[in-house]
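Please find the structures below.
Consider the two complexes below, in which chain A is the common component and chain B and chain C are the respective partners.
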Partner chain A sequence: MVTTEAAAQPILQLRAIEKVFDQFAAVDRITLDIQEGEFFTIVGPSGSGKTTMVRMLVGMDKPTRGDILLRGRRINDVPANRRPTCMVFQSLALFPHRTVGQNIEFPLKIRGVDPALRKKRALELLAQLRLPDHYYNKAVTQCSGGERQRVALARALAFDPEILFFDEPLSALDYKLRKVLEKELKDIHRQTGKTFVYITHSLEEAMVMSDRIGVMNRGRFVQVGTPNEIYGSPTTRFVSEFMGEVNILDVTVGPDGTATDDVTGARYLVPASAGAGPCSLVIRPESLRFVAGPGQAQNVVTGTVYNEYLLGSRVQYQIRVGEKQVLLLENLRDQRYEGDLDSPVTAGWDTGDSMIFPKGLLQ
Partner chain B sequence: MAQATGIVTITPGQSARAAPEPSGWRAWLRQPGVLTALPMALLMLTGFVAPLLLVVAFAFMPPQSFSILQPPTLANFQEIFANSFYRSFLASLYLAAATTLICMVVCYPVAYAMVRVFGRVAGVLALLITAPLFVADNLRLVGWMLFLVKGGVLSGALQAWFGIATDSMLYTVSATLFGLVYTYLPFMLFPMIMGIAMVPLEMREAAFDLGATRWQVLKEVDIPLAMPGILIGALMTFILAAGALSEPRILGGSSVVMIAQDIQNEFTFAQNWPKGSALSVLMILVAGVLAVTLLRRIDLDGIFGRR
Partner chain C sequence: MNEIRRPARWLYGTLIALVLLFVYLPMMTLVMASFSRSKFFKFPIPQFATNWYADVFASLSIRSFFWTSLVIALLVATIATVLAFFGALAFARYRWAGRKLYQKILLLPILFPQAVLGLALLLWFSAIGVTPSWQAAVFAHLVWIAPITTLVIAIQVYAFDPAMEEAAVDLGATRWQTLKEVTLPILTPGIVSGFLSAFLLSWANFPLSMFSTGADQTIPEWISAKIQSGYTPQVPAVGTLTMLAAVIVMALGGFAAWLHARRRAGLA
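So, the complex of A and B:
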């Protein structure tokens, strides 16, 4: 879907960059190329080093080792105010003593742009971000969360950066507004054609917007790929878990390639990728389905339905297998389970829908 | 609905007694806040408002009288403006303004460093700056006198080490100004520290990231956002300095007469209470107008974290 010209020089190159605080490597020798015009998202749990990393990229911190190249030029020592990049902060950092218009015009005022031109540009940006003209004179402190978000984006766009960074700007908003703004942001990305580098702890958010996603953990990228690759073929258990709710079964793969469940002793067919030994078998709730009996799916388990959870368009079931094993099954709403709670059911999945990761592999 | 059916429903919260609500001042008095504030209010009325009213009343009494029960007159004010008493007034305002300005310039870098640079040392520094306040300012000024006087610590040292002969630096307007800056510096410094601490670090980073130079960050973000603290500091420094008494006397040797000294003279040597009161009233007016205009510009709720 998204094409990147392989021949073009990457706009931003990280060469083994490292940031060490008191012997702790918050960012641990990361090498990465970001392509011109790309929407690249860095995803990771808190403490994974993503904020440290972006602070180095915008110039607010210096890497302990390694190089940052912008269009081939080393920018390690260029301070933030002389880099052609800018960032939308998590707190947005709008100036409370200035109006919406003055906030948007700030980068232009700094450059000494003529006031009339400044105002013209600010009004253009208000229109582009679908804020009414009269907001120009509105106090920033009187704007709603979503409006402030747009003002912050307008201010960053007024700067006309070559790369626009975002540090979890949507995390403080409610779910519904977040969903709207995610899509708006992707539209703005398309309109402007600029390179966006976005940080979030939500892989779901990253999926919606990004051309490529880098999943970070403990200062390193665990996997970098398109949203499809990250969702469809995660390379580690950490990535597969990070996407959301998954069923993880502890299994032991035998020499014949089949797996034995460490808890129930059941035998499963697993993808061939794993070698023999202890593994984690990951099955997404939506890959599990109710079946009439053995033979209807490549792998089946028998248990009881403990509870039902309605999720709007979808519905989830908690299935208990024996005393110790709990599985989560997700169906579309129109495929609701008709039986009683606690009655025996059979659930199954196809081997191709499951993922298997050897234990002890770098998480 | 209730009217249509003729049924009156009583919601559980409603009292069946339906005692008539006490009206007017009784109701007002019944609020818990009013009663708890009463002792403090009485104290303020007798200890603060009453003397102030007494001063105002005396200001309109005939000169050299000791009763407030005479027909009011503007004679005191006329005399003040006719007999160049306004000079000490202007001297006070001028010196207070100069003190405020100097304190501002001196304190900003110190305050900034204490908030952003010094870290833990800042606490020690704050203690060192406040410690002298435990000694009466008269005593501290006498200390400065020994330092600055001819043949004192400063001129003696200059003479002994560098062979520079200096005249006495005491009893000049500059010495007065120095004394004022020295005494009132903490009153500028601490509100300023509070103001600077209120500027979010991210706000500065954002401005920097959007291309601002250090000076632009200072001008566009730091100073405007620290303004409440700066204004409160300026107000305190100005009002205290304008009413200063010991500095122009001890260090200035009355080379410049400030208003407080005039007022004190009128109440003591001259035994002219009405004129002293009139001078006080003028001073209170200036300070009051200044305080009200400045405080209206400051968002006190923001400072006290009520927002």
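So, the complex of A and C:
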């Protein structure tokens, strides 16, 4: 039975780790297990503590309290250069005085690997990352943003880490390239089978790549789950907002379980999860749809279409309800609204597609 | 859009030519004076000759002044560069209590009149019982030159992304390996320019040497002494050679920078 236990042991365990700067807990008693081979992403806004956390995990900072265990062994006091893990930095931190090949070979050179073997491995990695062989002698300063990204990843893979950390490496790239590299990274994860721990402020990016996501805010995890769980059943308003544009209605839930809109006074059916009292009702734009009239959806509002935004395959509408309420409705492009702007419309949603979070709860 | 209009271009050209003339004409006079056959400087020069150069090369005393100057400059440049390298890291990289104060105090000697600094050093030497000599001059030069070298290297340190050192450590390098493989090579251009500027500043320095060399003499001191008594065209000849040496050092530095840039661009 010992063997099955060992096999099930998480590769990385955080036990109530805490990092305090001047009485401010940047990371506040986080406990988490990361499984072997997992692609785990930590998502959070700037200042949420995610960078502080990863710096402790790679060994560049020490936790104030708590333990970090790598395969069951406490590594708090093991410095970064003695840990079998490494990181792809936000700035990539490529060495500008070295060629692409020398950059990739750096960890092998440090270990005293024979130059011929080093070169062989560097060329393998170039091929794996789909960079041409002749890049071996190219100066890193001459590489494009995407190429530099691949060189940094190759250098980290040359180290052959047990866990590979990423500190927002894609944040400086343009949208299109970022989308390409997200997928590439997920493919590399599959190819190598290594444990990846990735940090980003973009939940959208996290969705594409991760097996599991931990959403961080103010030094703590607000929710940890699969991308599906995070998207489909966020446990707090913070998580639901983090994914992208959402409609948030301030409502008051009565003892009968129905909600009254604080702005318009309209009444809605809401999921049963909330208790009575002031709540936030969250409806994704894609959960809202145009309806012919009441009865075609469980909840309806009437308003006017103020504007239309084309988003490629999808199209969004700004709907104004009365003077104070603005809702976003999103359709596929082939379901475009045919009427005129400013003409009255009815929009609706089904109760099961909305989410409700009590106010005052820690976000 | 950024093109300069024609009349303005004319004006610019004239201005630049005037500035160059203003800077280089005196030096040209010096060079010409060194090639004059006459012992006294007359203009225009009646007859050209190279005999003063022959005298300079034959003179044992000038040769010894040259060696004194060279040894002082090399020692000063080497010591200043080592001090400045670590000083610049402290100056520009690491955050520590008192860093701002250190930056200001370090730079202060640069602004002192050198004659005052030289006098202060002379008094200090006699207070602690050090006889002025070329060794004392090395120390005197360092007081003024090391801060300047620190500034020169600090500029390079400011442009250095500390994540590169962290990345090296993260990839398994020890502190020493990080210094050798990452920090030093990346800071090399700054270190080289720091060394060269230290060398040239020491090589050409007169006021600090005057107070500190004692019985030993440097080339600038010899020039000054000769002008006060016993002028011969040997003086401009030595001056010309000194300038030439500085130009050669600069050219070597430029060449090193060019090689470095070429290597970095991956052409080598």
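Observations
Basically, the second predicted complex is superposed on the first by the 356 of 363 C-alpha atoms of A that agree within 3 Å, B and C clash if a C-alpha of one lies under 4 Å from a C-alpha of the other, contacts with A are read in each partner's own complex, and residues count from 1 in each chain.
Simple rule for what comes next: a residue touches a chain if its C-beta (ideal position, glycine included) is under 8 Å from a C-beta of that chain, and two chains touch if they have at least 3 such contacts.
Fair warning: this is a prediction, and the values are worked out from it, not measured in the lab.
Steric overlap between chain B and chain C is present once the structures are superposed on chain A.
In the superposition on chain A, A:Phe159 makes contact with both chain B and chain C. When both complexes are overlaid on chain A, the residue A:Val58 reaches chain B and chain C alike. By the document's definition of touching, neither partner reaches A:Lys120: not chain B, not chain C. By the touch criterion stated above, A:Met87 is placed in contact with chain B and with chain C alike.
With both structures placed on the common chain, the touch criterion links A:Lys138 to chain C but leaves chain B unconnected.
In the superposed model, more residues of chain A are touched by C than by the other of chain B and chain C. When the two structures are aligned on the shared chain, A:His97 is found in touch with chain B and with chain C. In the superposition on chain A, contact is made by A:Phe106 with both chain B and chain C. The contact surfaces that chain B and chain C form on chain A in the two complexes overlap at residues 58-60, 79-81, 86-87, 89, 91, 93, 95-97, 106-107, 109-111, 155-156, 159.
If you check the complex, the residues on chain A that touch chain C are 58-60, 79-81, 86-87, 89-91, 93-97, 99, 106-107, 109-111, 137-139, 141-142, 155-156, 159. On the chain B side of its complex with chain A, the touching residues are 200, 202-203, 205-213, 216, 220-221, 224-225, 227.
On chain C, the positions that touch chain A within their shared complex are 161, 163-164, 166-174, 177, 181-182, 185-186, 188, 264-266.
Those residues of chain A that touch chain B in the complex are listed here as 58-60, 79-82, 86-87, 89, 91, 93, 95-97, 106-107, 109-111, 155-156, 159.
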